[in-house]
Amino acid sequence: MSETTPTWILTATCPSRLGTVDVVTRFLFENQCYVTEMHTFDDTDNGNFFIRAEFRANEEAGTDERINAEQLNETFAEHAARFDMQWQIRDTRTPERVVIMVSKFDHCLQDLLYRYSAGQLNIEIPAIISNHPDLKELADWHNIPYYHFPITAETKPEQEARVMTVVENTQADLVVLARYMQVLSDDLCKKLEGRAINIHHSLLPGFKGARPYHQAYDKGVKLVGATAHYVSPDLDEGPIITQGVEPVDHSFTPAKLAAKGRDIERITLFKAVKMHCERRVFLDGNRTVIFQN
Amino acid sequence: MSETTPTWILTATCPSRLGTVDVVTRFLFENQCYVTEMHTFDDTDNGNFFIRAEFRANEEAGTDERINAEQLNETFAEHAARFDMQWQIRDTRTPERVVIMVSKFDHCLQDLLYRYSAGQLNIEIPAIISNHPDLKELADWHNIPYYHFPITAETKPEQEARVMTVVENTQADLVVLARYMQVLSDDLCKKLEGRAINIHHSLLPGFKGARPYHQAYDKGVKLVGATAHYVSPDLDEGPIITQGVEPVDHSFTPAKLAAKGRDIERITLFKAVKMHCERRVFLDGNRTVIFQN
Amino acid sequence: MSETTPTWILTATCPSRLGTVDVVTRFLFENQCYVTEMHTFDDTDNGNFFIRAEFRANEEAGTDERINAEQLNETFAEHAARFDMQWQIRDTRTPERVVIMVSKFDHCLQDLLYRYSAGQLNIEIPAIISNHPDLKELADWHNIPYYHFPITAETKPEQEARVMTVVENTQADLVVLARYMQVLSDDLCKKLEGRAINIHHSLLPGFKGARPYHQAYDKGVKLVGATAHYVSPDLDEGPIITQGVEPVDHSFTPAKLAAKGRDIERITLFKAVKMHCERRVFLDGNRTVIFQN
Amino acid sequence: MSETTPTWILTATCPSRLGTVDVVTRFLFENQCYVTEMHTFDDTDNGNFFIRAEFRANEEAGTDERINAEQLNETFAEHAARFDMQWQIRDTRTPERVVIMVSKFDHCLQDLLYRYSAGQLNIEIPAIISNHPDLKELADWHNIPYYHFPITAETKPEQEARVMTVVENTQADLVVLARYMQVLSDDLCKKLEGRAINIHHSLLPGFKGARPYHQAYDKGVKLVGATAHYVSPDLDEGPIITQGVEPVDHSFTPAKLAAKGRDIERITLFKAVKMHCERRVFLDGNRTVIFQN
């Protein structure tokens, strides 16, 4: 198998029940799909089952054309229905389409764009949206369309409609709030549920709300961190994807804490975006199930 | 499902091939085994496949007696043969039997015994073997038989024979060298292949051989660590299971480095023993495949 | 200089002002004290200055008797008064006297006792106090007096008086709450201010109050931690000394989180006790200044 | 004191002796220098003393002009001579001048330039030198002169002379090899001793030489790392400044290890450059003394 052999990812979730693993693995076997990586998890508390399988065409079987995505989908749909599965089969040759929203801070955007251009993220970025013009030059350098949509309390509904139009027109799979600094309306949160990731500049639930680094300084904490989570109508409360943390000491002023924090925000947001785009993250109520490797 | 529902672990490895996952999952399904956790890995470089599944009896099916271990083993043996699988089905109600070997240092032994008595390890300890009498009192406190087998260059073969007799008589699944400080003969290494874990007081392959903390001090390293690995005839070279690391600075004398190192050794050895006993570690040539969760 | 050369530690804090460093270093120089390690910190926000110096007798000067502690104290007292310093000169040959309070959980006590017997803490333990009899056997093994003082809502004042009597009779420098599980009265907190350390089984301020691991589970956090802090009348709010943290995932039930947490509690409490006893921790309002090395 | 109050850094090293601390602190006091941070270290093994003090003008004294750098230097020179001190007093308003050398890999350069433009490094970058033209566009974007000096075995002496000319003409304080991929000649190493930092793509001394990630893969290590060190004629052997490390598992191919490694290289090199430019790093034979805070 070469590095460029096409691979697919099947993800599914359904109520816990005997046979949930078998229905997937049998389907893959019968369709000559060679499994290269598989994870399952059974949340016995909530009775939810999760599975993720990476596979490729079986090489002995001949050509890659053996895997007919359309036919696979049709075939699996029947099996999945019997288990009330929510599922998807994804061809990894199609990059995820990610719209990034920013305000004036550039550190998260810089990092995402660097990793994007270095090939570390299997994504396309059809749009960067901001309520400020400041980061346009950076977007231009990467040849990415930049939408400057200013926002005020009065124009918020209208501005969010413009945002949503870009999201729809670009057929975005994911929206990343890379320090966007604006609270989304409940309505927009709902529309983007499960496909919008925020970076919170703190270890949740430690320091919600404004100026978390000043809060951290006042409390004299010895660790600072950041939290990447899905956006939810409850501000600072969406399902957590990943968290980063670093030690600090008494010499860290709020400004130094913030600088350290920005480093953690960058890597934490990147990790969350990468795991989401590799279909490793599942929603399980207000928690997430994550199949790393 | 209660916390005490009996669970089994099926582990298997075989040459990579279409159907390796299916043969396991279909078998489990057909035998009313409810999968709670599953991992697979396909080492495409070496063409080796690895799978680990935890399962319990399907509750709807009635009683736990539905799982008849003997019958399961018989049934799976046929399937496994078709894939040249090395495999095992393990009832987790039977603790692993672990023999610990020590010299005079007690830090690793103390930690293992603490975790054993705190119920963190699903093991029995039928014997502690040492070439010194020093740690007998500690073994007594935990009501574990202590075998004092002194060793010299001349008596080494004889001493190792006595060690092996204890290993066999206690039907040990695993031998843990918890800072045993003696090099095992090639012969003993081979006899214990894949079932003897050593803690090396260094980040391998950084500082092999004697006095690694003095070596580390001389090099002025800013990190020290420890490595838990399977014993092999090549001293300091067996397959690595896990490694721990901590930052240090210029103020660390060799003595301080060693003290820091002992803390890392304790937790690193514990993690390796725990993962091994949970059947999460597979040998893959000179490397290991580890299914954590 | 041999490893056993006697060393002293001078610690001082005072309002920020020109000359605060000089008054200490000049004093040491003029008294033939050879400085081996020195740290200072100037908290410009609050206008507080902190200094810690380790020193030994100057070897060229002749014998160790050169350092006459009584005379040093007398001499420095005059200098310190000019700067409104709170200060102390400590002979490290005199171990700190540490009283440990526990309930039924033994993991923190086990670790402290192990490190104490391994010589990792320069302390004496004149008493272990508990509201339960369970850990007496462990205390006996280490030849440490065990005081069983049961407590109820009604007998709390009386019980705390008995505790305080032991603290006073043993001339304890420090009280360590090693998972004591009882809230101290405001009165006792005040009496022990700055010399009582608690281990909070959570990353403060994330999960205050009861059952933090259940709280953490419900929130689906990806990191768990523990916080060692000085006891204060505001429960869960005293100045933080150090915090530990480890990654977790969706497979961690509250019970598994608690087990992971206990490991973090052990090492975090040990680190706090060690730093306190080495006079590396200073109170700075609700924060701490810590001179690690 | 405002954030913009000018500060100075005094660093000094000399043979260990009574009075080494006093001579510095008394000098600062007598010259109305207000110390905001101070560290000392006495390497008793080698008999070397190290001190670093940050200070500003005493505010009560009137204006900042009170600190006359030229006069300070003159005055201290006399004191320092009595102790055979190597020393420097640095005005932090003058950024360090850093020349960066690269080959084709851009990840370290990208990160340094991002942090430079974000104000995280108190430096100027008067030149980027490369043996390839690839990264010129990136340099242009940041308005930094880019010198393309190709190299072959034959032209090496001549090329290094051109490099040295740029270093001299730009009055560089530091040369950073940000994955330069060329071995410097002994001669150039000596010329740049103590002021050239390299990032080694491995945890030294684990995997010296070529293709460390392939070596790491073959050994099946569970941790990968990177090492920032001063350049020395012994390739891969110069004094270590800092090291970074991350856990990996069996699923990491050499390519994935390298990707993970690049992330570690970026942050590790940045930390080393920052500490060096803040005058926190001292050479102590083949080791370094580092005063972090």
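Couple of notes before you dig in:
Letters A, B, C and D name the chains as they come in the text, with residue numbers starting at 1 for each one.
Just so it is clear, a contact is a pair of C-beta atoms (placed from the backbone, for glycine too) under 8 Å apart; a residue touches a chain by one contact, two chains touch by 3 or more.
From a predicted model like this one, the values you see are computed outputs, not experimental measurements.
Listing every chain that touches chain C and chain D alike gives A, B.
Across the assembly, the mean Cα position most removed from that of chain B is the one of D. Because chain A and chain C share one sequence, their contact can be compared position by position; here over half of the interface residue numbers appear on both sides.
Counting C-beta pairs in contact across A-B and across A-D gives the higher total for A-B. In terms of their C-alpha centroids, the spacing between chain A and chain D amounts to 37 Å.
Centre-to-centre, using mean CA coordinates, chain A is 42 Å away from chain C.
Residues of chain B found to touch two or more other chains are 37, 41, 249, 251.
On chain C, the positions that touch chain A within their shared complex are 41, 43, 45, 203-207, 218-223, 225, 239-243, 245, 249-251, 253, 284, 286-290, 292.
Of all residues in chain A, only 3, 37, 106-107, 110, 114, 118, 120, 141, 249, 251, 255, 259, 263, 267, 293 touch chain D in the complex they form.
Of all the residues in chain D, the ones that touch chain C in their complex are 1, 18-22, 25-26, 28-29, 32, 34-42, 44, 58, 60-61.
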